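These are the structures in question, set out in turn.
You will see subunit A twice below: alongside subunit B first, and alongside subunit C after that.
Right after this comes the complex of A and B.
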């Protein structure tokens, strides 16, 4: 019942925003270039989808995201595992990595653009750098703090190293690692799109800036809605994957 | 006592955690010797931190003692001996990501039981502890008492001659603990297993044990061994018998001074060493 109510209030809230938007454009007469009419945005959205105009930019953005995420995942998980094997390494690297994670890594974008150019490489580098940190930190946390009792119990029953990893360390660490991977995925997506808006030739972020510069605001809004939909979809998929691996 | 009778022999075992002078230096055990006879239930009782759990972990090959020798079934202990002895730990240590059934199967996988045999043995072990209906449950879905039954089933499925039980009922309420104690006594009468059982509870020690080794305060060593001459399976009525009370009082007298001594040493975190003693070579920090 409360669930239903909270849903209703959420929907009502969104409807209210839409209503305010309508009033602002149609009654208050706010400049259409600054705030387009919702109906125009809708038509543009339908056009973007039905014409397939989004495909080249989406391909660029998702390609950058995929490469960035694969890099940060492989590096983050393997380095995190190696660090987690020694208490000394944990003591050295965990605070260090956490400290670096706290600085705004997007500051490195100009450097990456200088080194790698305006193409996808600089976006991949930034996405991989930013998402590496939550992944490596959660991998250290996952493998490094496995409950002693499980390790001892497995050892007493004769588990060898491989069995220990497969049946004890990995399942114990997996929920924490997956939470880190999901977070890494989210920040990789954010930084890829953000860096496209700052300096690039292609991609959804770049396209949105392009439309803004041409004062094609209605289409720009349509693209923003489209990107939001993609992001929500990808995050939902990641949450579902993460939820499946959680133990009861 | 000839070696044919003794399942476990502990000779002159001392153990210290950390080196002398270090902050975490603890002399846990001092020159302890013990023989456990085949088929008996031998309780280790003593004040917190006296090293009784450490001794159990040394017998089980999870800790190498600083000095001294332990033999199990006439073989010197140099590491875990999964074919000779099985552990039941205080908080079950069942893997929460596996069902009860999977937990039991996994134990046999670790031990190296042939695949074809595992299913049958898991089934029998669950039947023995009365948990067949809960085979597909996860440990988190069971009560504390049921979890300990499941842990016992996992140990039974390994079909070792010896069980090492480290305060297995310590985290349970008293009623559950009494019922599980009765079940264990029945099981013991049936299976002829040798059991070493660490406990804090005087009543539990007298009710379950054939012999009770009473530890002194740290550095722990065995102060005296009391014999409980009562056949298994023991009935609840044993708990009200004069013999039970006499033995319980005797144990309490023996322990009383040691508990005082151990309490006056409050400057040190006692329980941690007693339990997390099963450290071993891996380096993960504990978080319990």
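Right after this comes the complex of A and C.
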């Protein structure tokens, strides 16, 4: 019963927001450049989807994301594995990596733009840098803290290095690493869009800024909704993939 | 840049031959070595391999820090950015704790509004940055607002989680001893909420830093974002790296303050 009421409150809350939006634009006459008419936004949204105008920008963003993620994944997992092989190396590197991870790495974007230009390279570099840290840290956590008893048991049963990796280390570490990879993917996507928003020639983030600078607010709102949908969709896909890989 | 733990102060084993074995007892020393090695690589690469217009060796950056601060406007830009961060953090804490308490304290409010909070938290906020600038202008208010919107959700969620964790028996016993709603807040809810509140503040601080810096880098008239774009356009790599390093130091210091506060207050006290 209360569950039903909660649903009603949620729907009422969202309806109230929409009503306020309608009132603000139609009755109060808030400037259309600040707040577009909901109907206009809807028409623009339909137009963005049906005209396929988003395809070039989407391709740019996804391309940058793919390269950035492949770089950070291969570097993060391999370096993380190497570090995790020795207790000493873990003690040396883990606090260092965690300390750098605590800095808002978006600060490096101006340096990357200066070094690599306004094109895709600086976005790839930023995305790879930001996503490297969760991936390497989770790989260290995954491989570095496998229960000693499993390792000893496998050794005493005569497992060689390959078998040890395949049957003991990997199954124990995989869930942690997968969680790190999913997190790395999310931050890589967000930082690619962020760096497109801040300084670029193309991409989804760039397109939103372009519309904002042209004061085409209705289309900008529509485009923002579209980009949010893309981000949420990709994150959901990654979560599903993670869940699947975990179960195997 | 690195946070060096004091592991190095630990006494070495009585039998301590060989450099490697001695090093193995002191990860802190080795960590310092790694940092120095990385700085050396950077120094050599910047001096001999790369174009000086685009990157500057760390020694030059360090020596020219004085020049950076002497550049008219840089110091006030740093202060402005700090001010934006401070104001945004205070507002984020007040709003986060207020809404968190309101949502967390009633079962019904939790059921109704928590999904909406999580839905809003899931939005990639960078996409709506241009809207913030449209509404709040290109000055400090848009940075503060964007910082607040990044910082308040983690605080809210931590406060809700903290309130939810309080055992119902405490409420029942306080009520049965005749506690009023105000006394309940003061003596039951606040003391139990403190650990998660400080955890929320730490996460909120990283959110505020991210939000303010993103908005600064996007468009800025007097904050550090203005100078990062000026230095980039003039290919003044030395000053750019100096400024970014200063900001990194500020970010580390602010993160460290809230982390210490969390360690201090989040301990369970009887």
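As a working rule, the second predicted complex is superposed on the first by the 230 of 248 C-alpha atoms of A that agree within 3 Å, B and C clash if a C-alpha of one lies under 4 Å from a C-alpha of the other, contacts with A are read in each partner's own complex, and residues count from 1 in each chain.
Note that a residue touches a chain if its C-beta (ideal position, glycine included) is under 8 Å from a C-beta of that chain, and two chains touch if they have at least 3 such contacts.
Since we're looking at a predicted model, the values are computed, not measured.
Room for both subunit B and subunit C is found when the two structures are superposed via subunit A, with no clash between them. Of the two partner chains placed around the shared chain by superposition, subunit B is the only one that A:85 touches, whereas subunit C remains out of contact. Of the two partner chains, subunit C is the only one touched by A:34; subunit B is not. Counting residues of subunit A touched by each partner, subunit B versus subunit C, the larger count belongs to C. Legend: residue contacts after superposition of the two complexes on their common chain; A:107 is shown touching subunit C, with no touch to subunit B.
By the touch criterion defined above, A:159 reaches subunit B but does not reach subunit C.
Touch criterion met: A:147 reaches subunit B, while subunit C stays clear of it. In the superposed model, A:172 lies in contact with subunit B only, and not with subunit C.
Panel annotation: after superposition on the shared chain A, the angle at the CA centre of subunit A between subunit B and subunit C (CA centres) reads 90 degrees, nearest 10. Here's the short version: in the overlay, subunit B gets within 6 Å of subunit C at its closest Cα pair.
Shared interface residues of subunit A (contacting subunit B in one complex, subunit C in the other): none. Listed in rising order, the residues of subunit A touching subunit B in the complex are 84-87, 90, 144-160, 163, 167-168, 171-172, 174, 247-248.
Taken together, the subunit A residues at the contact with subunit C in this complex read 2-3, 5-6, 9-10, 13-14, 33-34, 88, 91-93, 95-96, 99-100, 102-104, 106-111, 113-115, 189-190, 193-194, 197-198, 205, 208-209, 211-212, 217, 220-221, 224, 227-228, 231-232. Against subunit A, in their complex, subunit C makes its touches with residues 1-3, 5, 7, 24, 27, 30-31, 34-35, 54-55, 107-108, 111-113, 115-116, 122-124, 126-131, 133-135, 206, 209-210, 213-214, 217-218, 228-229, 231-232, 235, 237, 240-241, 244, 247-248, 251-252, 255. Residue ranges on subunit B touching subunit A, taken from their complex, read 60-62, 80, 82-83, 86-87, 89, 91, 93, 95-98, 106-107, 109-112, 138, 140-141, 158, 276, 278-280, 282-288.
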